[in-house]
Amino acid sequence: MAWNTNLRWRLPLTCLLLQVAMVVLFGVFVRYSPEADAHWIEEKEPGNLSSDLENEFYYRYPSFQDVHVMIFVGFGFLMTFLQRYGYSSVGFNFLLAAFGIQWALLMQGWFHSFHEGYILVGVENLINADFCVGSVCVAFGAVLGKVSPVQLLIMTLFQVTLFSVNEFILLSLLNVKDAGGSMTIHTFGAYFGLTVTWILYRPNLYQSKDRQSAVYHSDLFAMIGTLFLWMYWPSFNSAVSNHGDAQHRAAINTYCSLAACVLTTVALSSALHKKGKLDMVHIQNATLAGGVAVGTAAEMMLMPYGSLIVGFICGIVSTLGFVYLSPFLESRLRIQDTCGIHNLHGMPGIIGGIVGAVTAACANIQVYGQEGLAHAFDLEGFKTDWSASLQGSFQAAGIFVSLAMALVGGLLVGGILKLPIWGQASDENCFEDAVYWEVPEEPKNAASHPEDSTLKAPEP
Amino acid sequence: MAWNTNLRWRLPLTCLLLQVAMVVLFGVFVRYSPEADAHWIEEKEPGNLSSDLENEFYYRYPSFQDVHVMIFVGFGFLMTFLQRYGYSSVGFNFLLAAFGIQWALLMQGWFHSFHEGYILVGVENLINADFCVGSVCVAFGAVLGKVSPVQLLIMTLFQVTLFSVNEFILLSLLNVKDAGGSMTIHTFGAYFGLTVTWILYRPNLYQSKDRQSAVYHSDLFAMIGTLFLWMYWPSFNSAVSNHGDAQHRAAINTYCSLAACVLTTVALSSALHKKGKLDMVHIQNATLAGGVAVGTAAEMMLMPYGSLIVGFICGIVSTLGFVYLSPFLESRLRIQDTCGIHNLHGMPGIIGGIVGAVTAACANIQVYGQEGLAHAFDLEGFKTDWSASLQGSFQAAGIFVSLAMALVGGLLVGGILKLPIWGQASDENCFEDAVYWEVPEEPKNAASHPEDSTLKAPEP
Amino acid sequence: MAWNTNLRWRLPLTCLLLQVAMVVLFGVFVRYSPEADAHWIEEKEPGNLSSDLENEFYYRYPSFQDVHVMIFVGFGFLMTFLQRYGYSSVGFNFLLAAFGIQWALLMQGWFHSFHEGYILVGVENLINADFCVGSVCVAFGAVLGKVSPVQLLIMTLFQVTLFSVNEFILLSLLNVKDAGGSMTIHTFGAYFGLTVTWILYRPNLYQSKDRQSAVYHSDLFAMIGTLFLWMYWPSFNSAVSNHGDAQHRAAINTYCSLAACVLTTVALSSALHKKGKLDMVHIQNATLAGGVAVGTAAEMMLMPYGSLIVGFICGIVSTLGFVYLSPFLESRLRIQDTCGIHNLHGMPGIIGGIVGAVTAACANIQVYGQEGLAHAFDLEGFKTDWSASLQGSFQAAGIFVSLAMALVGGLLVGGILKLPIWGQASDENCFEDAVYWEVPEEPKNAASHPEDSTLKAPEP
């Protein structure tokens, strides 16, 4: 397959077209939320706000910035582990996320922030847009190295759309709680990406096998991504929870789960190597599974030990997945999952959905308090009489809806991306920056870095 | 030109002298602001502060930390793209910023926080000091690789002084609004730096041409800088805005502008390459132009689509600048601009000033509300009767004042730095860490990293 | 000494055993603090909390995240300067910190947050757990490259225990103020680590001398660690201070001290090199000494110039330590201190304790105000009549207690770690990732990175 990878007109036109569409749609639809509008000074007084601090900005902005770092540095650098695909990992992630957050502001806005003809955006919309793009970054991990930036933009366009529909079904129709997105972000994103990569199966990918691994320094770059994801995950899972105790609790639970996950990942990584050596791939990825798997339940009364147990299990499941399941998926099911997102986001996402359903089903007044229970699960209006087990059932339904949306959507989008017109590389040129980037030549003689003696014009 | 680059006495003496001066001046002038003073517990009660949270610290501190990261990691790593100048990029940026923030606390303090003989510093002063140093980091980008650390300290000393005077003229005399510093930081910093590098013109710089480019890994280091600048720019532009809606709005506008800027940068970068390939230089720099250009207007009612348009234009202008204007400036005007700051800070800074002037001139009660308009533009006291167009005119005047200060100041400081006594390197030794740093020898045989088989003392 | 470095069963069993113990102990002991519990909505009303913002979460969470970055990215990357030990530096730091924070939540919880049989954790506990682990990271710096991950886990287990006891003695029995941990974290951590490395003395370490230095890129990775430590240190020293002015002041003082420290470090580094060149080791480490040394006094009325003086001195002391003291300690006292923690944490920690004692002893009503003084030093209950000099004396006592605990504890733990059963490497295999990690082979022909011309399947 000798496709034309020269994107000179396709990429610029796609970018400009999408961006012009964004400008027009923003012009028609997007305005500031009341708390970001200059009229706020007049409105806060009748609203009995005693202080400027009551502006939503101060509740959410620090979490927003942490989430922002996770999307751009976290996901971007996590994928730089490939020896010759660092530019594309960071750069294409940057591109798709920058487009995705704009489109997500619109899509999620129409569903959740539409008032009198306008989408009113505030800091919570920014966080949710980042979340939505997070699911695209997850899917990007499956197809990393095998798609062109044009394909990524198209995938982003469709995936953000499907994400928003799925999120609307879960949060607004099924009344599911999913603050950290185990289902909406991770399960959906992972199985969507896996379906796409299944459709885009490349039979001769072994031809670029030598570039599909790390070199020493690229693994260290990837650890920058891992650590920023790991450190800021408490902000991710707490960013859009209810003010006060829910945000507080979500951060604590995530902190605990992630800590436990590191130890079991290390344990399994060593135990599964014949000489007991650790594998960077596991440390870079499986240590994060604990954050994925408490996404739904983090804001609930999961208890710190509950979080530890979730992290404990996920470190094991995820590492086992890398060692045994990924090779199986590739050889038998023809699912070429570059970053192993099935192990980091797929299985832990489903576990997270189940943990959330069980935790919700077990909620009771003793643990939450009367008001606390109503507040935690929005048991007001038509939900006043919902039992905990009913909430749990709807939570469980959310998992299946997310999976179904991901599979159907993935088939559709995979089919579109399979058209041979998007500038994708041939199998032997995958995982190679030089296809889409101007790459510097290596210094001819790497050993000739000037030392003192070679500095010209010696001091007088 | 065989200058003496041994800084053994010049650099230590300069550092110690400056630091001793700082200690003495801080001892004479600097005290804590009331909100950072132990007396605060007594003062907050009569001030009707209901909560410790009303301390300015909680409004500004998260933004401060983000700005701090931009100055030290953002600017520092953005400049590591050069293959043999990483130590100097990060290290000299660290040095000049560490000195600059102290001197800026004093200079800006005398102008804006001087009460009864003392400069009273709080968290807002820390942010403003970082901002001031930001303009020095911008100018550093123009002379990167061609100056000694002694020259940089001298440049910082003068530039911070001039910055503070210019800022005082704009903010206090012309009553200009410029929260994100399009004019005070970027326009001033860029044209100051360009003037300095014009004065320091090196006719034989082609002799170190081979070191004036990137290698694969250095481009990835630079992307760390790019991304932290990009991600935290919403904090930069909102850090010193009014509490509440203004900070909130500034963050949203900056987020939007930066997102749009990425897409047009990618579009132009690909379109301008004969094979449609992307250029890392553009991705590292032009994607940030949108943040520069909404600096002034971000806190105003620019509207999200307005921000998108600004970002849209700046991605294009900045990338075109890298491709066409920079080579022209170097060959015809003898302006050797190492990092292309004219494209990232110069032109976008001026655009930002214009956007701010136009946005201010268009402000009206319908959009802002009566109180909102007065609050946004401080229309009280002698400004009560100011019209929006008058505000706009003063904004526009601010651009010209900043340009004039930058050019005159740059000529002066460039003249001082041209003296052949500061330890600058000869033309053929530019862009080389080994001039000022103890650089490790490369491992003799790069291929001999020990593998299992080569580990000594095998297991029994 | 040909020890068995195959950790296949030892490391997994240690990790799983410790993690199971954590799950059980958390199950028995750990619950949410009232502000993270779902009952909070009911409790805040009688507590007269007007707003959700009064939840401790909003006071501390941004600082917590900054501290978290310091522990995992800061310490982790600071130690990547070694050319072939980057995986271990980042990875083992990750492992020990992930275990340490869990164990610290328990140990510190029993001492400080134990109510009716339960440890109630909130965001302040998370910060304190990170702090405690910080002291382990410090000690790790001394033994870096010479110990196995099993040894590190054992060291962490004991050190966290001893830290918590020492902290309890200082904070609760001696009523010492030490918000930034000059004594509890840095002095204790450094001298503990130095004692351990003294016990673990390796006479033939020169055999791995060639790997005990940096290469060009590893120094840039290390600067990531340095800068994140440096930038977020104001959050470190202010994270657990009293609300309001104390947090505000601690941030300002740390900012000032660190800035001054950079200039004197650069001055000394250049002055002590025969050609006036800078040494990356100094820039990476000694620039941080100012943050260590204002740890105790940062929240006191040290005054900005006082902070500058502390930073000034510590930059000099620390750099001199690297140049003269470390070689002496190694050759004469057989203390092999890989990262030079004695220079960065040991001496500056003691200086910090002394500065704190002097600042406390000099406190008076004029400077602090009546209420301010009582609030700053908790002069209530049995402490109502404490004089400033008494407080100063107890502060000074804290230094000696910390030193004693560190030395005794270090002897004990060093003795345990010296047993030849923990999988440590032989002297000639120290500082080498390949002992414990699956390390990628270097590309056979580093010069053959595909350029355009080598891309297969050229475009049609």
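The first chain written gets the first letter, and so on, giving A, B and C; residue counts start at 1 in each chain.
As a working rule, contacts are C-beta pairs under 8 Å (C-beta built on N, C-alpha and C of every residue); 3 or more make two chains touch, one makes a residue touch a chain.
Given the structure is predicted, the values throughout are model-derived calculations rather than measurements.
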* Asked: Roughly how far apart in rotation are chain A and chain C when fitted on CA atoms, stated in degrees to the nearest 5?
  -> 120
* chain B-chain C contact: same residues or different, taking over half shared as same? -> different
* Inter-centroid spacing, chain C versus chain B (mean Cα positions, whole Å) -> 31
* Asked: Can you list the chain C residues in contact with two or more other chains?
  -> 6, 50-51, 53, 58, 62, 216-217, 224, 275, 439, 442, 446, 449, 452
* For chain C, which residues count as touching chain A in their complex? -> 6-13, 15-16, 18-19, 22-23, 26-27, 30-32, 35-42, 44, 50-53, 55-58, 61-62, 64-65, 68-69, 72-73, 76-77, 80, 86-87, 90-91, 94-95, 98-99, 101-102, 105, 121-123, 126, 149, 216-217, 221, 224, 275, 436-440, 442-443, 446-447, 449-452, 455-460
* **Residues of chain A that touch chain C when the two form their complex** => 1-2, 4-6, 50-51, 53-54, 58-59, 62, 66, 83-84, 213-217, 219-220, 223-224, 227-228, 230-232, 234-235, 243-249, 251-252, 255-256, 258-264, 266-268, 270-271, 273-280, 283, 287, 301, 303-305, 308-309, 312, 367-373, 375-376, 426, 428-429, 432, 434-435, 439, 441-442, 444, 446, 449, 452
